[in-house]
Amino acid sequence: MAYEFKAVRRVEFSETDMAGIVHYSNFFRYMETAEHGFFRHLGYSVVMDQFEPAVGWPRVHAECEYRQPLRFEDEVEIHMLVSEKKSKTLSYLFKFRKLNGSSPIEVARGSLTVVCVTKLPDGKMAATSIPKEFADKIEVAPAELLA
Amino acid sequence: MAYEFKAVRRVEFSETDMAGIVHYSNFFRYMETAEHGFFRHLGYSVVMDQFEPAVGWPRVHAECEYRQPLRFEDEVEIHMLVSEKKSKTLSYLFKFRKLNGSSPIEVARGSLTVVCVTKLPDGKMAATSIPKEFADKIEVAPAELLA
Amino acid sequence: MAYEFKAVRRVEFSETDMAGIVHYSNFFRYMETAEHGFFRHLGYSVVMDQFEPAVGWPRVHAECEYRQPLRFEDEVEIHMLVSEKKSKTLSYLFKFRKLNGSSPIEVARGSLTVVCVTKLPDGKMAATSIPKEFADKIEVAPAELLA
Amino acid sequence: MAYEFKAVRRVEFSETDMAGIVHYSNFFRYMETAEHGFFRHLGYSVVMDQFEPAVGWPRVHAECEYRQPLRFEDEVEIHMLVSEKKSKTLSYLFKFRKLNGSSPIEVARGSLTVVCVTKLPDGKMAATSIPKEFADKIEVAPAELLA
(Lines give C-alpha, C1' and ligand atoms only; values in the text may rest on other atoms or scores of the structure.)
Protein backbone atom coordinates (compact mmCIF):
# COMPACT_ATOMS: atom_id res chain seq x y z
CA MET A 1 0.00 0.00 0.00
CA ALA A 2 1.34 3.42 -1.00
CA TYR A 3 0.16 6.93 -0.26
CA GLU A 4 2.89 9.27 -1.46
CA PHE A 5 5.49 10.00 -4.08
CA LYS A 6 8.20 12.61 -4.46
CA ALA A 7 9.43 13.89 -7.80
CA VAL A 8 12.14 16.49 -8.36
CA ARG A 9 12.36 18.85 -11.30
CA ARG A 10 14.64 21.69 -12.22
CA VAL A 11 12.81 24.77 -13.51
CA GLU A 12 13.32 25.18 -17.26
CA PHE A 13 13.73 28.46 -19.11
CA SER A 14 10.61 27.77 -21.19
CA GLU A 15 8.58 27.47 -18.00
CA THR A 16 9.32 31.04 -16.91
CA ASP A 17 7.40 34.11 -18.06
CA MET A 18 8.34 37.75 -18.54
CA ALA A 19 7.88 38.36 -14.80
CA GLY A 20 10.99 36.18 -14.38
CA ILE A 21 9.17 33.43 -12.49
CA VAL A 22 7.52 30.10 -13.33
CA HIS A 23 4.16 30.71 -15.01
CA TYR A 24 1.44 29.65 -12.60
CA SER A 25 -0.12 27.19 -15.06
CA ASN A 26 3.05 25.09 -14.97
CA PHE A 27 2.48 24.05 -11.37
CA PHE A 28 -0.42 21.97 -12.72
CA ARG A 29 1.94 20.26 -15.12
CA TYR A 30 4.39 19.68 -12.27
CA MET A 31 1.59 17.98 -10.30
CA GLU A 32 1.25 15.38 -13.03
CA THR A 33 4.97 14.67 -12.93
CA ALA A 34 4.51 13.41 -9.37
CA GLU A 35 1.15 11.71 -9.99
CA HIS A 36 2.40 9.79 -13.01
CA GLY A 37 5.60 8.87 -11.17
CA PHE A 38 3.40 7.50 -8.38
CA PHE A 39 1.47 5.38 -10.88
CA ARG A 40 4.70 4.10 -12.46
CA HIS A 41 6.16 3.35 -9.02
CA LEU A 42 3.15 1.07 -8.46
CA GLY A 43 3.72 -0.65 -11.80
CA TYR A 44 1.04 1.22 -13.76
CA SER A 45 0.70 3.98 -16.29
CA VAL A 46 -1.95 6.68 -16.06
CA VAL A 47 -2.86 5.39 -19.53
CA MET A 48 -4.38 2.15 -18.22
CA ASP A 49 -5.00 0.14 -21.34
CA GLN A 50 -4.17 -3.20 -19.76
CA PHE A 51 -7.66 -3.34 -18.26
CA GLU A 52 -10.74 -4.50 -20.17
CA PRO A 53 -12.21 -2.01 -20.81
CA ALA A 54 -9.34 0.47 -20.72
CA VAL A 55 -9.65 3.23 -18.14
CA GLY A 56 -8.44 6.83 -18.09
CA TRP A 57 -8.11 9.52 -15.44
CA PRO A 58 -9.51 12.94 -16.40
CA ARG A 59 -9.18 15.74 -13.87
CA VAL A 60 -12.40 17.10 -12.30
CA HIS A 61 -10.93 19.63 -9.90
CA ALA A 62 -7.56 21.36 -9.61
CA GLU A 63 -6.36 24.02 -7.23
CA CYS A 64 -3.12 25.73 -6.27
CA GLU A 65 -2.07 28.30 -3.70
CA TYR A 66 1.13 30.20 -4.49
CA ARG A 67 3.31 31.46 -1.63
CA GLN A 68 6.67 32.21 -3.16
CA PRO A 69 7.84 32.29 -6.75
CA LEU A 70 10.00 29.65 -8.41
CA ARG A 71 12.74 30.87 -10.71
CA PHE A 72 14.85 29.47 -13.56
CA GLU A 73 17.07 26.57 -12.47
CA ASP A 74 15.45 26.29 -9.04
CA GLU A 75 15.14 22.67 -7.95
CA VAL A 76 11.63 21.87 -6.84
CA GLU A 77 10.38 18.78 -5.05
CA ILE A 78 6.77 17.86 -5.75
CA HIS A 79 5.52 15.81 -2.82
CA MET A 80 2.24 14.09 -3.71
CA LEU A 81 0.04 12.57 -1.02
CA VAL A 82 -3.22 10.65 -1.50
CA SER A 83 -5.78 12.70 0.44
CA GLU A 84 -8.98 10.84 -0.45
CA LYS A 85 -9.91 7.53 -2.04
CA LYS A 86 -13.45 6.80 -3.19
CA SER A 87 -14.82 4.05 -5.41
CA LYS A 88 -14.44 6.13 -8.58
CA THR A 89 -12.21 9.08 -7.63
CA LEU A 90 -8.85 9.85 -6.09
CA SER A 91 -7.74 13.14 -4.55
CA TYR A 92 -4.16 14.25 -4.01
CA LEU A 93 -2.41 16.95 -2.06
CA PHE A 94 0.80 18.42 -3.48
CA LYS A 95 3.46 20.23 -1.49
CA PHE A 96 5.98 22.12 -3.63
CA ARG A 97 9.31 22.65 -1.92
CA LYS A 98 12.23 24.63 -3.30
CA LEU A 99 15.32 22.55 -2.54
CA ASN A 100 18.10 24.97 -3.39
CA GLY A 101 18.86 27.64 -0.84
CA SER A 102 19.82 27.21 2.78
CA SER A 103 16.84 25.04 3.74
CA PRO A 104 13.89 23.65 1.78
CA ILE A 105 10.87 25.93 1.86
CA GLU A 106 7.31 25.24 0.77
CA VAL A 107 6.58 27.59 -2.11
CA ALA A 108 3.15 26.33 -3.14
CA ARG A 109 0.48 23.82 -2.23
CA GLY A 110 -2.00 22.25 -4.61
CA SER A 111 -4.67 19.62 -4.92
CA LEU A 112 -6.20 17.52 -7.65
CA THR A 113 -9.24 15.25 -7.90
CA VAL A 114 -9.28 12.73 -10.72
CA VAL A 115 -12.01 10.33 -11.79
CA CYS A 116 -11.64 6.87 -13.28
CA VAL A 117 -13.50 6.65 -16.60
CA THR A 118 -14.10 4.29 -19.49
CA LYS A 119 -14.95 5.29 -23.01
CA LEU A 120 -18.51 4.40 -24.07
CA PRO A 121 -19.21 3.08 -27.56
CA ASP A 122 -20.36 6.60 -28.63
CA GLY A 123 -16.98 8.06 -27.64
CA LYS A 124 -18.20 9.77 -24.47
CA MET A 125 -16.58 9.04 -21.12
CA ALA A 126 -18.38 7.56 -18.11
CA ALA A 127 -17.16 7.29 -14.52
CA THR A 128 -16.36 3.74 -13.46
CA SER A 129 -14.97 1.95 -10.43
CA ILE A 130 -11.20 2.08 -9.98
CA PRO A 131 -9.82 -1.35 -11.03
CA LYS A 132 -9.55 -3.41 -7.82
CA GLU A 133 -5.94 -4.55 -8.26
CA PHE A 134 -4.86 -0.90 -8.59
CA ALA A 135 -7.12 0.42 -5.82
CA ASP A 136 -5.76 -2.24 -3.48
CA LYS A 137 -2.29 -0.74 -3.76
CA ILE A 138 -3.34 2.76 -2.71
CA GLU A 139 -4.26 4.16 0.66
CA VAL A 140 -4.93 7.60 2.10
CA ALA A 141 -1.90 9.30 3.69
CA PRO A 142 -1.78 9.70 7.49
CA ALA A 143 -3.65 12.80 8.67
CA GLU A 144 -0.52 14.47 10.02
CA LEU A 145 1.06 14.47 6.57
CA LEU A 146 -2.05 16.06 5.07
CA ALA A 147 -2.05 18.97 7.52
CA MET B 1 -16.86 50.94 -13.88
CA ALA B 2 -16.45 47.47 -15.32
CA TYR B 3 -16.91 44.03 -13.80
CA GLU B 4 -16.70 41.55 -16.67
CA PHE B 5 -15.07 40.62 -19.94
CA LYS B 6 -15.65 37.91 -22.50
CA ALA B 7 -12.90 36.44 -24.66
CA VAL B 8 -13.33 33.73 -27.30
CA ARG B 9 -10.66 31.23 -28.32
CA ARG B 10 -10.62 28.29 -30.68
CA VAL B 11 -8.92 25.22 -29.19
CA GLU B 12 -5.53 24.62 -30.83
CA PHE B 13 -4.01 21.26 -31.67
CA SER B 14 -1.03 21.94 -29.38
CA GLU B 15 -3.41 22.46 -26.46
CA THR B 16 -4.79 18.92 -26.67
CA ASP B 17 -3.19 15.86 -25.08
CA MET B 18 -3.16 12.17 -25.95
CA ALA B 19 -6.58 11.76 -24.31
CA GLY B 20 -7.88 13.84 -27.23
CA ILE B 21 -9.01 16.74 -25.03
CA VAL B 22 -7.59 20.07 -23.87
CA HIS B 23 -4.95 19.49 -21.20
CA TYR B 24 -6.35 20.74 -17.91
CA SER B 25 -3.43 23.13 -17.30
CA ASN B 26 -4.44 25.14 -20.38
CA PHE B 27 -7.65 26.37 -18.75
CA PHE B 28 -5.39 28.47 -16.54
CA ARG B 29 -3.80 30.00 -19.61
CA TYR B 30 -7.27 30.63 -21.04
CA MET B 31 -8.19 32.51 -17.83
CA GLU B 32 -5.40 34.98 -18.49
CA THR B 33 -6.65 35.58 -22.03
CA ALA B 34 -9.84 37.00 -20.51
CA GLU B 35 -8.14 38.78 -17.61
CA HIS B 36 -5.60 40.52 -19.83
CA GLY B 37 -8.33 41.41 -22.33
CA PHE B 38 -10.23 42.99 -19.42
CA PHE B 39 -7.19 45.05 -18.48
CA ARG B 40 -6.67 46.15 -22.10
CA HIS B 41 -10.37 47.02 -22.43
CA LEU B 42 -9.89 49.42 -19.51
CA GLY B 43 -6.83 50.95 -21.16
CA TYR B 44 -4.19 49.09 -19.15
CA SER B 45 -1.77 46.22 -19.52
CA VAL B 46 -1.23 43.62 -16.81
CA VAL B 47 2.38 44.79 -17.10
CA MET B 48 1.73 48.13 -15.40
CA ASP B 49 4.97 50.00 -15.88
CA GLN B 50 3.31 53.40 -16.31
CA PHE B 51 3.00 53.69 -12.55
CA GLU B 52 5.83 54.84 -10.30
CA PRO B 53 6.83 52.38 -8.97
CA ALA B 54 5.73 49.82 -11.57
CA VAL B 55 3.29 47.20 -10.32
CA GLY B 56 2.74 43.58 -11.29
CA TRP B 57 0.02 41.02 -10.64
CA PRO B 58 1.27 37.60 -9.47
CA ARG B 59 -1.34 34.91 -8.86
CA VAL B 60 -1.83 33.74 -5.27
CA HIS B 61 -4.67 31.27 -5.78
CA ALA B 62 -6.06 29.44 -8.80
CA GLU B 63 -8.79 26.86 -9.08
CA CYS B 64 -10.77 25.09 -11.77
CA GLU B 65 -13.63 22.61 -11.85
CA TYR B 66 -13.94 20.57 -15.03
CA ARG B 67 -17.40 19.37 -16.14
CA GLN B 68 -17.03 18.46 -19.79
CA PRO B 69 -13.99 18.18 -22.01
CA LEU B 70 -13.01 20.67 -24.69
CA ARG B 71 -11.73 19.27 -27.97
CA PHE B 72 -9.66 20.46 -30.93
CA GLU B 73 -11.31 23.33 -32.82
CA ASP B 74 -14.04 23.83 -30.22
CA GLU B 75 -14.87 27.49 -29.75
CA VAL B 76 -14.78 28.45 -26.10
CA GLU B 77 -15.98 31.66 -24.48
CA ILE B 78 -14.14 32.65 -21.31
CA HIS B 79 -16.45 34.87 -19.30
CA MET B 80 -14.52 36.66 -16.56
CA LEU B 81 -16.30 38.35 -13.68
CA VAL B 82 -14.76 40.36 -10.84
CA SER B 83 -15.85 38.50 -7.70
CA GLU B 84 -13.95 40.41 -5.03
CA LYS B 85 -12.04 43.68 -4.80
CA LYS B 86 -9.81 44.46 -1.85
CA SER B 87 -7.18 47.14 -1.37
CA LYS B 88 -4.34 44.90 -2.64
CA THR B 89 -6.05 41.93 -4.32
CA LEU B 90 -8.61 41.14 -6.98
CA SER B 91 -10.53 37.88 -7.40
CA TYR B 92 -12.21 36.69 -10.57
CA LEU B 93 -14.71 34.01 -11.50
CA PHE B 94 -14.41 32.38 -14.92
CA LYS B 95 -17.21 30.56 -16.74
CA PHE B 96 -16.03 28.53 -19.71
CA ARG B 97 -18.73 27.96 -22.32
CA LYS B 98 -18.42 25.83 -25.44
CA LEU B 99 -20.04 27.85 -28.22
CA ASN B 100 -20.20 25.32 -31.02
CA GLY B 101 -22.95 22.73 -30.83
CA SER B 102 -26.70 23.29 -30.59
CA SER B 103 -26.56 25.59 -27.57
CA PRO B 104 -23.73 26.99 -25.44
CA ILE B 105 -22.91 24.81 -22.45
CA GLU B 106 -20.73 25.58 -19.45
CA VAL B 107 -17.84 23.11 -19.57
CA ALA B 108 -15.75 24.44 -16.69
CA ARG B 109 -15.68 27.07 -13.99
CA GLY B 110 -12.60 28.61 -12.46
CA SER B 111 -11.36 31.30 -10.14
CA LEU B 112 -8.24 33.32 -9.64
CA THR B 113 -6.94 35.67 -6.95
CA VAL B 114 -4.19 38.07 -7.90
CA VAL B 115 -2.21 40.49 -5.78
CA CYS B 116 -0.81 43.86 -6.74
CA VAL B 117 2.93 43.99 -6.04
CA THR B 118 5.95 46.23 -6.48
CA LYS B 119 9.51 45.09 -6.75
CA LEU B 120 11.67 46.02 -3.77
CA PRO B 121 15.28 47.20 -4.25
CA ASP B 122 16.51 43.68 -3.33
CA GLY B 123 14.43 42.14 -6.17
CA LYS B 124 11.76 40.65 -3.92
CA MET B 125 8.11 41.48 -4.43
CA ALA B 126 5.89 43.16 -1.83
CA ALA B 127 2.10 43.56 -1.88
CA THR B 128 0.96 47.12 -2.46
CA SER B 129 -2.30 49.03 -2.92
CA ILE B 130 -3.92 48.79 -6.32
CA PRO B 131 -3.25 52.10 -8.12
CA LYS B 132 -6.31 54.28 -7.47
CA GLU B 133 -7.00 55.31 -11.07
CA PHE B 134 -7.15 51.62 -12.04
CA ALA B 135 -9.11 50.50 -8.95
CA ASP B 136 -11.67 53.22 -9.62
CA LYS B 137 -12.56 51.60 -12.93
CA ILE B 138 -13.34 48.19 -11.45
CA GLU B 139 -16.30 46.98 -9.45
CA VAL B 140 -17.55 43.62 -8.23
CA ALA B 141 -20.06 41.89 -10.50
CA PRO B 142 -23.71 41.66 -9.40
CA ALA B 143 -24.33 38.68 -7.13
CA GLU B 144 -26.68 36.98 -9.59
CA LEU B 145 -23.90 36.77 -12.18
CA LEU B 146 -21.54 35.20 -9.65
CA ALA B 147 -23.97 32.40 -8.76
CA MET C 1 -7.47 26.42 -55.50
CA ALA C 2 -5.83 28.06 -52.54
CA TYR C 3 -2.19 28.65 -51.66
CA GLU C 4 -2.16 30.93 -48.63
CA PHE C 5 -3.80 31.84 -45.36
CA LYS C 6 -3.29 34.62 -42.85
CA ALA C 7 -3.97 34.26 -39.14
CA VAL C 8 -3.53 36.95 -36.49
CA ARG C 9 -2.69 36.33 -32.85
CA ARG C 10 -1.98 38.59 -29.91
CA VAL C 11 1.03 37.46 -27.86
CA GLU C 12 -0.09 36.03 -24.52
CA PHE C 13 1.70 36.45 -21.20
CA SER C 14 2.17 32.68 -20.88
CA GLU C 15 4.01 32.65 -24.22
CA THR C 16 6.76 34.96 -22.97
CA ASP C 17 9.84 33.84 -21.05
CA MET C 18 12.06 35.50 -18.48
CA ALA C 19 13.95 37.30 -21.26
CA GLY C 20 10.73 39.27 -21.76
CA ILE C 21 10.11 37.92 -25.27
CA VAL C 22 8.11 35.11 -26.88
CA HIS C 23 9.84 31.79 -26.24
CA TYR C 24 11.19 30.56 -29.57
CA SER C 25 9.32 27.25 -29.39
CA ASN C 26 6.00 29.11 -29.57
CA PHE C 27 6.62 30.21 -33.16
CA PHE C 28 6.08 26.54 -34.07
CA ARG C 29 2.73 26.59 -32.32
CA TYR C 30 1.88 29.82 -34.14
CA MET C 31 2.64 28.09 -37.47
CA GLU C 32 -0.10 25.56 -36.77
CA THR C 33 -2.61 28.31 -36.05
CA ALA C 34 -2.22 29.41 -39.67
CA GLU C 35 -1.99 25.88 -41.11
CA HIS C 36 -5.11 24.67 -39.34
CA GLY C 37 -6.96 27.85 -40.28
CA PHE C 38 -5.99 27.14 -43.90
CA PHE C 39 -7.43 23.62 -43.62
CA ARG C 40 -10.65 24.93 -42.05
CA HIS C 41 -10.93 27.63 -44.72
CA LEU C 42 -10.96 24.82 -47.31
CA GLY C 43 -13.65 22.96 -45.37
CA TYR C 44 -11.37 20.43 -43.66
CA SER C 45 -9.80 19.73 -40.31
CA VAL C 46 -6.20 18.63 -39.92
CA VAL C 47 -7.82 15.68 -38.12
CA MET C 48 -9.15 14.12 -41.32
CA ASP C 49 -11.37 11.34 -40.09
CA GLN C 50 -13.96 11.73 -42.84
CA PHE C 51 -11.75 9.75 -45.20
CA GLU C 52 -11.63 5.97 -45.24
CA PRO C 53 -9.08 5.24 -43.89
CA ALA C 54 -8.63 8.38 -41.76
CA VAL C 55 -5.47 10.36 -42.46
CA GLY C 56 -3.27 12.51 -40.24
CA TRP C 57 -0.50 15.03 -40.85
CA PRO C 58 2.64 14.54 -38.73
CA ARG C 59 5.45 17.03 -39.15
CA VAL C 60 8.71 15.76 -40.69
CA HIS C 61 10.69 18.99 -40.80
CA ALA C 62 10.36 22.34 -39.07
CA GLU C 63 12.56 25.40 -39.19
CA CYS C 64 12.49 29.00 -38.06
CA GLU C 65 14.76 32.01 -38.42
CA TYR C 66 14.33 34.73 -35.81
CA ARG C 67 15.06 38.35 -36.74
CA GLN C 68 13.37 40.44 -34.08
CA PRO C 69 11.70 39.50 -30.82
CA LEU C 70 7.95 39.48 -30.23
CA ARG C 71 6.73 40.83 -26.91
CA PHE C 72 3.62 40.56 -24.73
CA GLU C 73 0.51 41.94 -26.42
CA ASP C 74 2.21 42.37 -29.79
CA GLU C 75 -0.13 41.54 -32.65
CA VAL C 76 1.45 39.07 -35.04
CA GLU C 77 0.24 38.03 -38.46
CA ILE C 78 1.21 34.53 -39.51
CA HIS C 79 1.17 34.41 -43.29
CA MET C 80 1.26 30.81 -44.52
CA LEU C 81 2.09 29.97 -48.13
CA VAL C 82 2.15 26.55 -49.78
CA SER C 83 5.72 26.20 -51.04
CA GLU C 84 5.68 22.61 -52.31
CA LYS C 85 3.06 19.97 -53.08
CA LYS C 86 4.00 16.35 -53.64
CA SER C 87 1.87 13.21 -53.74
CA LYS C 88 2.33 12.53 -50.02
CA THR C 89 3.76 15.73 -48.54
CA LEU C 90 3.07 19.45 -48.31
CA SER C 91 5.55 22.18 -47.45
CA TYR C 92 4.70 25.64 -46.20
CA LEU C 93 6.51 28.93 -45.77
CA PHE C 94 5.53 31.19 -42.88
CA LYS C 95 6.17 34.92 -42.68
CA PHE C 96 5.66 36.39 -39.22
CA ARG C 97 4.83 40.09 -39.25
CA LYS C 98 4.42 42.30 -36.22
CA LEU C 99 1.36 44.46 -36.95
CA ASN C 100 1.53 46.99 -34.15
CA GLY C 101 4.02 49.81 -34.51
CA SER C 102 4.35 52.30 -37.31
CA SER C 103 4.49 49.76 -40.14
CA PRO C 104 4.34 45.95 -40.24
CA ILE C 105 7.77 44.34 -40.05
CA GLU C 106 8.77 40.74 -40.67
CA VAL C 107 10.11 39.43 -37.36
CA ALA C 108 10.62 35.78 -38.29
CA ARG C 109 10.35 33.33 -41.16
CA GLY C 110 9.66 29.63 -40.85
CA SER C 111 8.91 26.50 -42.82
CA LEU C 112 7.21 23.20 -42.23
CA THR C 113 6.97 19.94 -44.16
CA VAL C 114 4.12 17.62 -43.27
CA VAL C 115 3.34 14.13 -44.51
CA CYS C 116 -0.04 12.53 -45.04
CA VAL C 117 -0.26 9.24 -43.10
CA THR C 118 -2.70 6.50 -42.22
CA LYS C 119 -2.55 4.31 -39.18
CA LEU C 120 -1.68 0.69 -39.90
CA PRO C 121 -3.44 -2.17 -38.04
CA ASP C 122 -0.40 -2.45 -35.72
CA GLY C 123 -0.73 1.21 -34.68
CA LYS C 124 2.25 2.43 -36.70
CA MET C 125 1.85 5.22 -39.22
CA ALA C 126 2.57 4.90 -42.94
CA ALA C 127 2.83 7.65 -45.55
CA THR C 128 -0.06 7.69 -47.99
CA SER C 129 -1.29 9.80 -50.91
CA ILE C 130 -3.02 13.04 -50.03
CA PRO C 131 -6.79 12.47 -50.56
CA LYS C 132 -7.56 13.71 -54.09
CA GLU C 133 -10.50 15.95 -53.22
CA PHE C 134 -8.31 17.81 -50.72
CA ALA C 135 -5.21 17.89 -52.92
CA ASP C 136 -7.29 19.33 -55.75
CA LYS C 137 -8.03 22.41 -53.67
CA ILE C 138 -4.38 23.25 -52.99
CA GLU C 139 -1.74 24.76 -55.22
CA VAL C 140 1.78 26.09 -54.77
CA ALA C 141 2.00 29.84 -54.19
CA PRO C 142 3.45 32.06 -56.95
CA ALA C 143 7.25 32.20 -56.85
CA GLU C 144 7.33 35.94 -56.09
CA LEU C 145 5.41 35.37 -52.84
CA LEU C 146 7.85 32.66 -51.78
CA ALA C 147 10.88 34.91 -52.18
CA MET D 1 37.28 22.32 -23.09
CA ALA D 2 33.88 20.76 -23.63
CA TYR D 3 31.88 20.10 -26.79
CA GLU D 4 28.94 17.96 -25.76
CA PHE D 5 26.30 17.26 -23.13
CA LYS D 6 23.68 14.58 -22.70
CA ALA D 7 20.39 15.14 -20.90
CA VAL D 8 17.65 12.56 -20.37
CA ARG D 9 13.96 13.30 -20.04
CA ARG D 10 10.87 11.17 -19.70
CA VAL D 11 8.01 12.29 -21.96
CA GLU D 12 5.24 13.89 -19.92
CA PHE D 13 1.51 13.57 -20.55
CA SER D 14 1.19 17.33 -21.06
CA GLU D 15 3.77 17.15 -23.87
CA THR D 16 1.64 14.81 -25.99
CA ASP D 17 -1.12 15.92 -28.34
CA MET D 18 -4.33 14.30 -29.57
CA ALA D 19 -2.32 12.32 -32.15
CA GLY D 20 -0.89 10.44 -29.15
CA ILE D 21 2.67 11.64 -29.73
CA VAL D 22 4.92 14.44 -28.47
CA HIS D 23 3.88 17.73 -30.05
CA TYR D 24 6.64 18.76 -32.45
CA SER D 25 7.17 22.14 -30.76
CA ASN D 26 8.34 20.39 -27.59
CA PHE D 27 11.52 19.11 -29.25
CA PHE D 28 12.67 22.73 -29.20
CA ARG D 29 12.07 22.90 -25.47
CA TYR D 30 13.95 19.61 -25.09
CA MET D 31 16.93 21.14 -26.93
CA GLU D 32 17.20 23.80 -24.23
CA THR D 33 17.23 21.17 -21.50
CA ALA D 34 20.52 19.90 -22.95
CA GLU D 35 21.92 23.34 -23.79
CA HIS D 36 21.27 24.74 -20.32
CA GLY D 37 22.62 21.57 -18.74
CA PHE D 38 25.77 22.08 -20.81
CA PHE D 39 26.08 25.66 -19.52
CA ARG D 40 25.56 24.53 -15.91
CA HIS D 41 28.08 21.72 -16.37
CA LEU D 42 30.63 24.40 -17.27
CA GLY D 43 29.71 26.44 -14.21
CA TYR D 44 27.46 28.97 -15.95
CA SER D 45 23.81 29.78 -16.41
CA VAL D 46 22.33 30.76 -19.76
CA VAL D 47 21.23 33.84 -17.78
CA MET D 48 24.74 35.31 -17.59
CA ASP D 49 24.35 38.21 -15.23
CA GLN D 50 27.76 37.77 -13.63
CA PHE D 51 29.37 39.58 -16.56
CA GLU D 52 29.49 43.34 -16.84
CA PRO D 53 27.44 44.05 -18.87
CA ALA D 54 25.18 41.00 -18.49
CA VAL D 55 24.80 38.88 -21.62
CA GLY D 56 21.94 36.77 -22.90
CA TRP D 57 21.53 34.15 -25.61
CA PRO D 58 18.55 34.64 -27.94
CA ARG D 59 17.99 32.04 -30.65
CA VAL D 60 18.45 33.12 -34.25
CA HIS D 61 17.84 29.83 -36.03
CA ALA D 62 16.18 26.58 -35.02
CA GLU D 63 15.51 23.43 -37.01
CA CYS D 64 14.34 19.90 -36.42
CA GLU D 65 13.87 16.80 -38.55
CA TYR D 66 11.43 14.23 -37.18
CA ARG D 67 11.98 10.55 -38.00
CA GLN D 68 9.91 8.62 -35.48
CA PRO D 69 7.38 9.76 -32.92
CA LEU D 70 8.01 9.94 -29.18
CA ARG D 71 5.19 8.77 -26.93
CA PHE D 72 4.12 9.24 -23.31
CA GLU D 73 6.66 7.89 -20.82
CA ASP D 74 9.32 7.25 -23.47
CA GLU D 75 12.79 8.04 -22.19
CA VAL D 76 14.65 10.34 -24.54
CA GLU D 77 18.30 11.26 -24.52
CA ILE D 78 19.11 14.69 -25.93
CA HIS D 79 22.71 14.63 -27.08
CA MET D 80 23.95 18.15 -27.71
CA LEU D 81 27.15 18.81 -29.67
CA VAL D 82 28.79 22.15 -30.40
CA SER D 83 28.89 22.33 -34.20
CA GLU D 84 30.21 25.83 -34.72
CA LYS D 85 31.86 28.53 -32.61
CA LYS D 86 32.20 32.08 -33.83
CA SER D 87 33.08 35.28 -32.00
CA LYS D 88 29.42 36.12 -31.28
CA THR D 89 27.47 32.95 -32.03
CA LEU D 90 27.35 29.28 -31.14
CA SER D 91 25.66 26.49 -33.10
CA TYR D 92 24.63 23.13 -31.73
CA LEU D 93 23.55 19.81 -33.18
CA PHE D 94 21.04 17.73 -31.23
CA LYS D 95 20.54 13.98 -31.60
CA PHE D 96 17.36 12.69 -29.96
CA ARG D 97 17.53 9.02 -29.03
CA LYS D 98 14.71 6.96 -27.57
CA LEU D 99 16.30 4.88 -24.82
CA ASN D 100 13.49 2.48 -23.97
CA GLY D 101 12.98 -0.42 -26.35
CA SER D 102 15.46 -3.07 -27.40
CA SER D 103 18.16 -0.66 -28.54
CA PRO D 104 18.44 3.14 -28.61
CA ILE D 105 17.23 4.65 -31.87
CA GLU D 106 17.60 8.17 -33.17
CA VAL D 107 14.10 9.59 -33.47
CA ALA D 108 14.92 13.17 -34.41
CA ARG D 109 17.80 15.49 -35.15
CA GLY D 110 17.86 19.24 -34.60
CA SER D 111 20.06 22.29 -34.63
CA LEU D 112 20.15 25.67 -33.00
CA THR D 113 22.15 28.84 -33.51
CA VAL D 114 22.29 31.30 -30.64
CA VAL D 115 23.82 34.75 -30.44
CA CYS D 116 25.45 36.43 -27.48
CA VAL D 117 23.80 39.80 -26.80
CA THR D 118 23.81 42.66 -24.34
CA LYS D 119 20.95 44.97 -23.62
CA LEU D 120 21.48 48.54 -24.83
CA PRO D 121 20.36 51.51 -22.71
CA ASP D 122 17.21 51.82 -24.88
CA GLY D 123 16.21 48.22 -24.08
CA LYS D 124 17.14 46.80 -27.49
CA MET D 125 19.58 43.91 -27.78
CA ALA D 126 22.89 44.05 -29.65
CA ALA D 127 25.19 41.17 -30.58
CA THR D 128 28.42 41.12 -28.61
CA SER D 129 31.50 38.93 -28.27
CA ILE D 130 31.11 35.78 -26.20
CA PRO D 131 32.82 36.45 -22.82
CA LYS D 132 36.36 35.08 -23.15
CA GLU D 133 36.39 32.99 -19.96
CA PHE D 134 33.26 31.17 -21.18
CA ALA D 135 34.38 30.88 -24.81
CA ASP D 136 37.66 29.39 -23.65
CA LYS D 137 35.82 26.44 -22.16
CA ILE D 138 34.02 25.50 -25.37
CA GLU D 139 35.24 23.81 -28.50
CA VAL D 140 33.67 22.38 -31.63
CA ALA D 141 32.92 18.65 -31.51
CA PRO D 142 35.03 16.27 -33.65
CA ALA D 143 33.73 15.99 -37.20
CA GLU D 144 32.83 12.31 -36.86
CA LEU D 145 30.39 13.09 -34.07
CA LEU D 146 28.72 15.77 -36.15
CA ALA D 147 28.06 13.43 -39.08
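Read from first to last, the chains carry the letters A, B, C and D; within each, the first residue is number 1.
Basically, contacts are C-beta pairs under 8 Å (C-beta built on N, C-alpha and C of every residue); 3 or more make two chains touch, one makes a residue touch a chain.
Nothing here was measured: the structure is a model prediction, and the numbers come from that model.
Please tell me whether C-D or A-C has the greater number of C-beta pairs in contact.
Taking the two pairs in turn, the one with more contacts turns out to be C-D.
Tell me, please, which of B-C, A-D or A-C gives a repeat of the B-D interface, judged by over half of the contact pairs matching in residue number.
Of the listed options, the interface copy of B-D is A-C.
Once you find the CA centre of chain A and the CA centre of chain D, what distance in Å lies between them?
It comes to 29 Å between the two C-alpha centres.
Centroid of chain C to centroid of chain D, CA atoms only: how many Å?
Here chain C and chain D have centroids separated by 24 Å.
Just curious, how far off is chain C from chain A if you go by their C-alpha centres, in Å?
Centre-to-centre distance between chain A and chain C: 34 Å.
For chain B, what residues touch not just one other chain but two or more?
Where chain B meets two or more other chains at a single residue, that happens at 13-14, 18-19, 21, 25, 29, 47, 72.
Would you tell me which residues of chain B are touching chain C in their complex?
12-14, 29, 32-33, 36, 40, 45-47, 72-73
Using the touch rule from the top, collect the residues of chain D that touch chain B in their complex.
Of all residues in chain D, those touching chain B are 13-14, 16-21, 23, 25, 71-72.
Quick check: in the complex, which residue numbers of chain C touch chain D?
18-19, 21, 24-26, 28-29, 47, 56, 58-67, 69, 125
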